[in-house]
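Have a look at the structure below before the remarks.
Letters are used for the chains, namely A, B, C, D, E, F, G and H, taken in the order the chains are written, and counting of residues starts over at 1 for each.
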């Protein structure tokens, strides 16, 4: 019995959570010594498995990806990829794509169903682009239509307002900003959908590696804004996808 | 023409955003000198108007609430209420309720439509209760069914697991924790829906007024977790409501 | 020979700076033991003398004010006034006015010449009002016409844009904001005159007593923004006045 | 109709702000994908367009500069330039000058009108020179006469006092200091014009990358001092120019 | 008379502490100029001598190790070893082993007695492995049986629970975690033995070099948790060994 | 079947951990709404149940204590007790003792078995006494013999050395210090047993509420030192007890 | 044999340090339980004994003072005295004087020999007076002639220069400043004697309780400046006295 | 008339300070554009001129040194020297010595008179050696006899006590320590002379680049300790020299 089924039964009330947990504990994850590869997470939490590569050697990354593919993973998202990680996995499958600016490698072997609604990714400046792309590509891989509005910081309000239609039609927004990080507050006041704010480490001096933008966003006086870690484009794309998939029932793909 | 209509037309593509913005600028907000009361915000952003009372005098608070009621506001949520604020508004309407622990006053003059799905509010400890109630009551006022799981911190895992069914059925979760703030990571690993993490200032010493829990939550290795300001129960309840209302089309109430 | 004359001669090249410094050192300040009252500062640096009352006892404050009046001071501005300071000086002159919210006492015995141009003081929220008033009253006492635009935070952009004309006609702007402190960036993008940004300690949690707003303002991506200390309304009003008086040649008053 | 005209009319009361904003929104900025190049900013905010190069690739920088030149920009200031940025733009125009220490590239195709009054740039030490030059060159490009007083820190007061005449004749001052950052307080006490204080990251240990100097300047007990971000020579030069141009009406050049 | 004997007598009450201190002061340590090599520490505090190599040159490290070996040291543990340190000592003895990931060199010339009970070293993620190995190898060198449970972070609770037996049988635990550092709280709630928590610098953004994990662990609501410095695997392994040796009386080896 | 038995069987290998966890989950904790009282924790983790009173109302505290007593708890330790907490529980049992300086209430209804070995609690100064007493009384309630060495800071080394015998005979040490927090390093160099370091918030200025002492202790160059939260006397006493009970097999009491 | 003699012999080379330490350890300090009163410290380290009262109860303070007087102490300095401390000791001796602003109580029963040279205590502002008086009175009690130059901050340089003679004749200087803390740098550039800089917590906002002034002083570019803790007037007065007594051989008094 | 004479006259009361200041202002310093070389500082403040090289180019350094030598400087101390600085000055004089570990270059052309008393430089560990040598060589160049006690940290108290005689005979002490920085407190309790504490950036993790040691030293409970910036060996050596020269009247050399 697959996890997908188990969870379905729990939601349907046909199986107790207790039984489900026991059930899940019995299904082995794979222990590679340096990593415990959880072959159910993709099923439990999304349509793709994720490998966070920062702090992992190229060999470890390759080993984990191999284990996933061996066990039938269809889509894999590798984040915080350095060139040596890409070199180590590029030959594992022909569907490997490398997004260098976004530091992402995608193994996309199966198309993913997508809701009609959009996610909008906005940046304050040009330098925020790599983090924004990490969010946008993550959201796309997880099955979302993504609009991009880049370099629309608050000091040039007309450049932001020019994209107001795009902002307003979004079902969830990822707003990426470094330096003073004021953009989410302004966007949050224009829309009535959740805004995931991503502070970036872009800036210098009293920016303190993104602390400035982080604090700004946490203190936003606009409602509907929540914040992820500095430069965490992946996390923001993931949450925006969760929100955009709310109530979405995919057909077969 | 009401804002609700304007926005509906924008979404439907029947009105340009530009025209809408001009339209909205023409409709006067009310300038009380010390506050600019925006009579459209409720329409634009939710089913209730919100007054954040911290830093406002009792007189200012009363003045703003009065202006809102005068202009036909049906539901008002006053947050960060001190007793003198309550005293200043209690006679404005017979529907005034005071939730002292949550520091909230609600003026509920009209029932609000609610989706069938649930929001779950979880706390790590007993001391996190006031912030949790701020989130829970906010979500209820904005039209949501709310489950409460309190005092289920990670150091007693069985107490958390005992409520696994409640956690798993939620459409959005608010997880409130002070001290080390580890609960959202554990909950985030158990569910596949967005978790709004709320650090609280509960703790002492190296807690530094909630900084410890805040950093923990921002650095969570679980996916799907975003964070609001320390003690910001209102913000978390608001976002959870936005998520839970995704795709929800209320009938007449 | 008065200091005003001395400085005039220096500017006119009629006296060497060296001689001026020696000249000034010879003119005695008054040493009260706990304070060295500089009877020339008003002449050198503005049209009113300033007493910063925080950390001074009521007795010390009265002593300094008395010394100033005894030596012919015409206008005095007391800042960071607590009620006991006011009580200690209220009978010193009949021109004593107390601005309680702004924590200011003014002794205005002589009208001050004013340029035609305006200073605009803007706040993000209602709670920023005391600091804004400190700036506004300071600017007025130093001889300026002041426009006030209060509660125009970035989360409700239309409330700010509604005052665009007032912002744009200002010769210098003081922008006061707590919480995320984003307002100066937006205002700075709308105008082409210097913006003095004043972070306030309004907020809670990750605001850290105004640190959040301070960092935001220092990292502003808009040009033309400089920052003063948290809650330093006086400083901002003073600088705005300096800028507004640039090139201003008062006639007799 | 040019923006310059539009703004002129707004100031003259001949056009409503509302109409002006709509007018400005209609004039297209150029969207390069990675950047939204605002061809009106130069007109709206100064005599030169500015490209902040940190965090931009050489290709992006070149693309933006090209777009500006294509649209008729006359003077361009590129800040935070690394050698690869310079290499990418050096052949765009024959008027390209590279100021390596100041990390600035200037494209100066049209002379700029200058007021008679001076800006004075002061440094505490030799190591503060690159930041000071960033300020000085910025001010010069924006049309100002600039005096330089370098290596005049407070520990050798006579070296500062020897330049007192230069300080006193300035219409606006930029004071640059690292380490303890005390110089603006001393200068602020000597002059009666606005001082823009620039903390630098020069120092070590408890300097914490310029934090020490930043805090010193924010807490200055001298009046008339406002602060920009650590190492932000450009910002200071820009503001000093705004102040020095107050009331300045340039003739044709 | 050896230190071991001296301390034995003190414990047995056969020698006063005063006499013991004088005795110890008389026994010379060896002064190499740059280091005072204490030939008694091994006897006083454990079964191996320790050289902390960070901040020491390769030559100094070699000099200290040589001095120890010359004076009869049997086991030496070199920590924070860089390759040049290893190169400098590899030929000093044939028993030199290099653990590169753990940055440790061991000179193991004598087997060490071990208690039957186990120490368990747990990590939250793969990236925490180097610090965990520093702890594990330290504990092994000091004479302990070590279980390793790696990559068992709280976001995948079932991976941790799968090793519950290993955790529960441990006599002391070292729990290593970066990012949010929540693992020690969860482990601390499952076991009733001391947990030594080791924050690591693994993470990014608001992790601030391990500060986040450090604060989490200090604020843990589970009892029985104490904390060592960020990345201090050695310290944790050392303390776990002290605890595991409590009451242990080794026979001859 | 009691938890004590369950755990005994797990240790003896007679029951799988999985079965034990399920078993434990079935045994109900008591949900008071505001608190989930875990009646097994005492059995699982020590000889007394603990209520952390900070952040709990007097009523909540009384409710929890009552629930524990109703279910047969024999010894209860209430920490961070304010007078109103004591007032609320003093009549619950005749064995209630109040230690005001240590902010502790003890309900001691059953004597506890104690090992022969000692715990030593040391303080640097007189002001550290309340935290030290919290540790000492905690350790005593959990069944330990405790030596106290108070006011033996490093600036008067002879006062510390005079107690060297007491330090050296301890099986585990709790070292409490505020201000610079240097005492644990010195004690750690004198003994070969684990030292639990407790920073206190005693001090002023650059002490920053205990941060100074906390950092000192985390950076200690002595081996064998681990650290708990600022002012966390309870935690230190608890861990010292765990260590002191290592290998201890109590008879019946 | 008195400690004074012992130390004399050590200096003269007539006794080994080892013997001296043993000798001193044998002479009992008095253990009051809450404090270990060291009756030799006065002899070893100065002409008066010091009780730091912060964090001590009035009873403890009285107990320590009584013990000192009982053992023949001639002069006692109590610092950080609150009124209840004074109340508790005022009747212990008729020579008790209370300096309320400086929070000091002095018991002066014997005149103290003084060098001819002076210590100069300087403050930047009036609010720094209590800390300055703590330094000044400490120095006087320890036998020094003290000059006071108060309210001579760097923003009014002529007020400082007016006291240049007093500064230059000092043998050691204590410079007390809050806010930006720039005064020691300026003074340090004027004199060639050691300057003890005392940051005070005077200020607000980005002063962060004196952190600003502390960092300024630590980063001073003037040579000869060392720093003590925020508000630590006692420490500065003590060190200044040590310096001023260098080479001083008092006759009988 | 030389500065030495001027100052002598001021001290003797034969010249007013005012005249002296004017006199000094008239004597030209040399303005190199990037530096104002003050040829009187050596005379005013010590026996050698000092060039702080960090942040200066090799060319600037050479230029300043040349200017000094040209004007007759006899001894020059260059601090924070990188190899390129040394390369740039090595041929300026045959008396150039390079102390690489201490990052110091000395040009010693004239022997300096020395008092009989000693300065003692102590370090906690081997890694603190470069900073200690910076202090020691500075003190030697300024004319002092220096004792070195290295690697005598508090965790091995007997290694410190073994050098007690050397510590006790010192007239001023420089105590250098990284990590927890506890050594100055212990040394301060053993001696009755001023201790200059130098925190170093040696350490890792919660050391935060020396912050830990800095805070420890500022909070020291021992009297007589003042602190300089992290790694500021020069500053400490300079102050120790000032103290050691107190009352010293050199003969001709």
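Remarks
Just so it is clear, contacts are C-beta pairs under 8 Å (C-beta built on N, C-alpha and C of every residue); 3 or more make two chains touch, one makes a residue touch a chain.
On a predicted model such as this, the values are computed, not experimentally measured, just so you know.
Legend: contact pairs of E-H compared by residue number with D-H, D-G or G-H; the interface matching in over half of them is D-H.
When every chain is reduced to the mean of its CA atoms, the largest separation from chain C belongs to E. Chain pair with the larger contact count among D-G and B-F is D-G, by C-beta pairs in contact. In terms of their C-alpha centroids, the spacing between chain B and chain G amounts to 54 Å. Separation between the centroids of chain A and chain C, computed from CA atoms only, is 48 Å. Centre-to-centre, using mean CA coordinates, chain B is 43 Å away from chain D. Contacts with at least two other chains are made by residues 18, 21, 25, 125, 156, 161, 205-207, 211, 214, 218-219, 223, 229-230 of chain E. Note for the complex: chain G touches chain C at residues 125-127, 129, 150-152, 156, 158-159, 161-162, 178, 202, 204-207.
For chain D in complex with chain G, the residues that touch the partner chain are 124-125, 153-157, 179-182, 185-186, 188-190, 203, 205-208, 211-213, 215-223. Interface residues of chain D facing chain C in the complex, by the touch rule stated above, are 7, 10-11, 16-18, 21, 44-46, 50, 52, 161, 164-165, 168-169, 171, 192-194, 196, 214, 218-219, 223-230, 235-236, 238-239, 242-243, 246-247.
Considering their complex, residues 21, 24-25, 29, 33-36, 38, 41, 54-56, 60, 199, 201, 209-211, 214, 229-232 of chain D touch chain A.
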